[in-house]
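We call the chains A, B, C and D, going by the order they appear; numbering starts again at 1 in every chain.
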């Protein structure tokens, strides 16, 4: 949709680091879909919906399934989603005797939402490491320069002297709280989705709850007593977290860009960006990009909240809106954290110029 | 700015219930400012910044202060905020001997942010009661109609039968989680702001921390080790919560408006709205309004995230943006919760038409 | 909903100038409703839907109608809008013989949308004058200081010298284009709304078009061949214009706030704002407020675009969303233009410090 | 950043048609950059900044330049943009005697903004054809079914009977106005950007204006008397248009999804989407997607308005925000227009069910 923001594009490295962007590649979804179906087949045997042999045969077959991606991609335009065609191909692929253990009681949204949970789990592990790393870098910065005086500024006017530590702590402290928030959010978003056609696990009769519990265990995801096909507030809450993080980094970026101004000179950066017309310039590129990324995520966030108006048992208009914005917010946040760390490492001096 | 949305306007009762709108009236701020200054004067005596007699005299004088609101309001245009003129008048009002205990170590943002904390505390108490009440109403609805069958619908098409309980639980369950979220957020937003001119409590020397601790106790607010003049993520996080609540209510409203369609007839409401051209109509006014309010809050939310890009020690552009949107979001959420409860009480039948 | 932003509030003069906020008061709507009904009664006589005597009697009676505002306000919560109760009261008020000429063929949305058209016409006349005035002030600024050198800055770094005129022209030129855009938009938004219950003027049979044409003439509004109850793009387009204006002013405000920094000193302002803690400060309050207002309007704008998804013949969820944001955007734009003019008049020096 | 929305992804065909997505590929930018530099070299000769032989030699060399894309892409992270490295490579590539005619008087933003102009020109031509085609399809629909009765619905309740033509005209009429708006916008956005380092064409002395005029002619773009590096309202205005279009299509999609409900049955569609759990379903996938796309573009729009707060002569934070959202909005609009046309062609019946 916007190739400029891919890390493979001429403009893209500013907007996307590969380790986050690739989380969202098609193969990651296919793997997650297959893992879901394998776990389902196995669990159906365990709880006795199908016999053990059928379950085992189905799980083995599914694990060897190689879908035709082009056909799935084309069918997504017709079905609105890739899973119906994925399921059709999968059912064609397995032996008919194994069919009772394939996709039984599941629906498209179960596979896709669970794939998101798995991908977000990976993203969250990266985020935790990034937050720790950035926190350390800022602590080191404070340790080195914290007592150096600089001018405190309010309403963009010189106010009273502060220390570098006063300023830097306003960059660092929110990150600590964001890490705590993330710890609380992870179980909410790293959850199994399993509700079936209309979200009530009815196709599995009395076995619904047991299957869901066992699948959550098998896939190492949180169990929910009720499928959340139409209750999307956990994802909106998570999107809010992403934008809180980039917002805090944007404040740091804005401060650094202001400190780097000639005439203010409160910070020195190595490796500033060049200009095609003015080779002498040392532009605070990463600092400014953090502001851009803060505003980008702030812009996206309401889409996740509009998506809460998710009519009936499954919305074909609210749900795809999440798909259009949440991955971009995740990638932006991961990229901003990388930029922030690189930016801090570029600092060679901070505090009053003289 | 938008008189239509005041409960006193011809259009306004749809948009604002008085108990929330009046939380934001000028007198509430003046009371909060006065309480702040009284507490500060007393605490300055307690910790020994001023002698006890001065503190007591100052506190007594401040508590009798009646500011000239018109002059303050006019000065806000010049100063950007009402507190500088409030402080000027206050200092004129008290006896000069008491001045060492007046506004000492405080800044405009300390008073205003703390006033917000106090107002939000009142709002949060109302929200808790509203959530409990609405949760009860929905539980009663489920108790009465929960086993009645109705059609499950996905992508706005009939899918498979569900029960009324399946549908209603998707309205009720998020509210429970929102109540839990609110409990976690309250200490974050019901906090004392006390940092002084540049946020580091420097004007009080070694007494800064002690004064802040004692003031938080006196005002029954959370103490923060570091003032958050320029770290605004708690308020953005809270705004997110407001929009999560209205988003969940918007889903309920959208469902009810769809259920009330002729030809669907899955719900009957008493007291529907009338039309000037078609007196026979029974419009699901409150259901539709919940959708409007969800989209309104979703729209406002990014402003609170843009405000995270809060440059230096105090931003004169980011901070007022909060003032322009957060009160509107609070009032909208309280009004939506009232509407939701009234809407549920209008339901006379739910489930399959026949 | 948000009392802080009313010009009567302690905080409000920063956010709302009276001449724009009062455009939206209840009495303005009542006057517009009455004028609509008077014109309708007269026109119904002219085109022969009712006889001349009935039309004249109805028009005279309507023009003397004094509605009970409290009852209307309370009914708006029930009906979703004030017009049904207004029409009930009006029909009670006029002699029964005049009833055939009262509200005939009209619906709530006709009265309300037309009231908006009338109010926007007044706003637009104010905007035109403001744009002219501000353009003159900026031209005068260029005339006085335009050749003074200053540093051109890109990516917040000194680049190459420019003149004050180079910078100021980037503030002035967009205003000229905004004035041209407004001239094109005025006929679109200053239009009669007249469509009746379902928007097709069916209640007036063959007379529908003639009535609409005559009413547009009588009320000095644009005639539309088709009522736009459910086609809202003109208002969304207008909201875009409002945000374009504040966006351009925000650029000017941001530039001025940056120029006013100590160490940069490229501008001197008289009458800067004070601080309660630091009386020595001269804060560029109006400059920063322009940035706030730009971000506020940018934030509101998507609500007007979400409202384009206006289902069927009249949406009870999309339409009220317009009511919640458009007046606020108009008031903000008018206030920003006033602030901008005052800000320019505060400039006592611009260009290189030495 | 969000691979899901690429047409090559498993999910992507719903979100991006290739003819729009590929407009934004790296090679399109390289071609535009090369064309800019060729035109500049030639024009520099024409106006006499360099001699004719140098101009011709430079133009010939530039036209044969094959940049190293990987190095450019990597350098974009450092410089914030790909052009500085592009220009470095280009200068290395041409013979040193031709250097006076290479990139003379130009800056990164000149090349990138002009590349956008060229790409938008292509997009706009596609849009014009799509709008014409869709308008025809809707006219044909009205011609075939326009007099069939159906229920007019207001506030999601049956109101009074209308015709299919009444409803369909609310889908068609805005498209006509959007086409007119586009005709007015095209010269604004299909414009040469040429301002040099700080936007005033100073590097070319008295030749600046002549070079700009001749380049605009050579590249078939609009000439602007003043470079718009820091005046971005034309692009924000264009983004508004994109969202107006998808908003109007979203209204159509919402109406069709509501008409397709069982129990309403006012429309029949061929080729509805399937479900992995409920093969019997015929989901109105494209109708719902139009709603999604309307809300997506509405969500993105404010970013383009925040980008109006473009500080000084070139903002490194505001400008990249445009790059992150405008291409996505263009692709979404083109895709929505394609979906809309396909959706209309799926209609096999419209109007009252019986």
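Definition applied: a contact is a pair of C-beta atoms (placed from the backbone, for glycine too) under 8 Å apart; a residue touches a chain by one contact, two chains touch by 3 or more.
Bear in mind that the values here come from a model prediction, so they are computed numbers and not experimental data.
Asker: Which contact partners do chain A and chain D have in common?
Answerer: In this structure, the chains that contact chain D and also chain A are B, C.
Asker: Taking each chain's centre as the mean of its Cα atoms, which chain lies farthest from chain C?
Answerer: Measuring from the centre of chain C, the most distant chain centre belongs to A.
Asker: So the centre of each chain is just the mean of its C-alpha atoms; given that, what is the distance between chain A and chain C in Å?
Answerer: 40
Asker: Could you put a whole-Å number on the gap between the CA centroids of chain B and chain C?
Answerer: Distance between chain centres: 27 Å.
Asker: What are the residue numbers in chain C that touch two or more other chains?
Answerer: Within chain C, residues 80, 154-156, 159-160, 197, 254, 257-258, 273, 275, 278, 283-285, 288, 291, 295, 299, 302, 306, 315-316 contact more than one other chain.
Asker: Would you tell me which residues of chain B are touching chain A in their complex?
Answerer: Residue positions touching the partner: 80, 152-156, 159-160, 162-163, 166-167, 169-170, 173-174, 177-178, 181, 184, 197-200, 202, 226, 230-231, 233, 236-237, 240, 243-244, 247-248, 250-251, 254-255, 258, 291, 294-295, 297-299, 301-302, 305-306, 308-316.
Asker: For a test of understanding, state which residues of chain D touch chain B in their complex under the given definition.
Answerer: The contact residues of chain D facing chain B are 151, 154-160, 257-258, 260-265, 273, 275, 278, 281-285, 288, 302, 306.
Asker: Which residues of chain A touch chain D in the complex?
Answerer: 1-6, 8-16, 21-22, 24-26, 29-30, 69, 72-74, 76-84, 86-88, 103, 106-108, 111, 196-197, 203, 253-254, 257, 271, 273-278, 283-285, 288-289, 291-292, 295-296, 299-300, 302-303, 306, 315-318, 320-321, 323-325, 327-328, 331-332, 335
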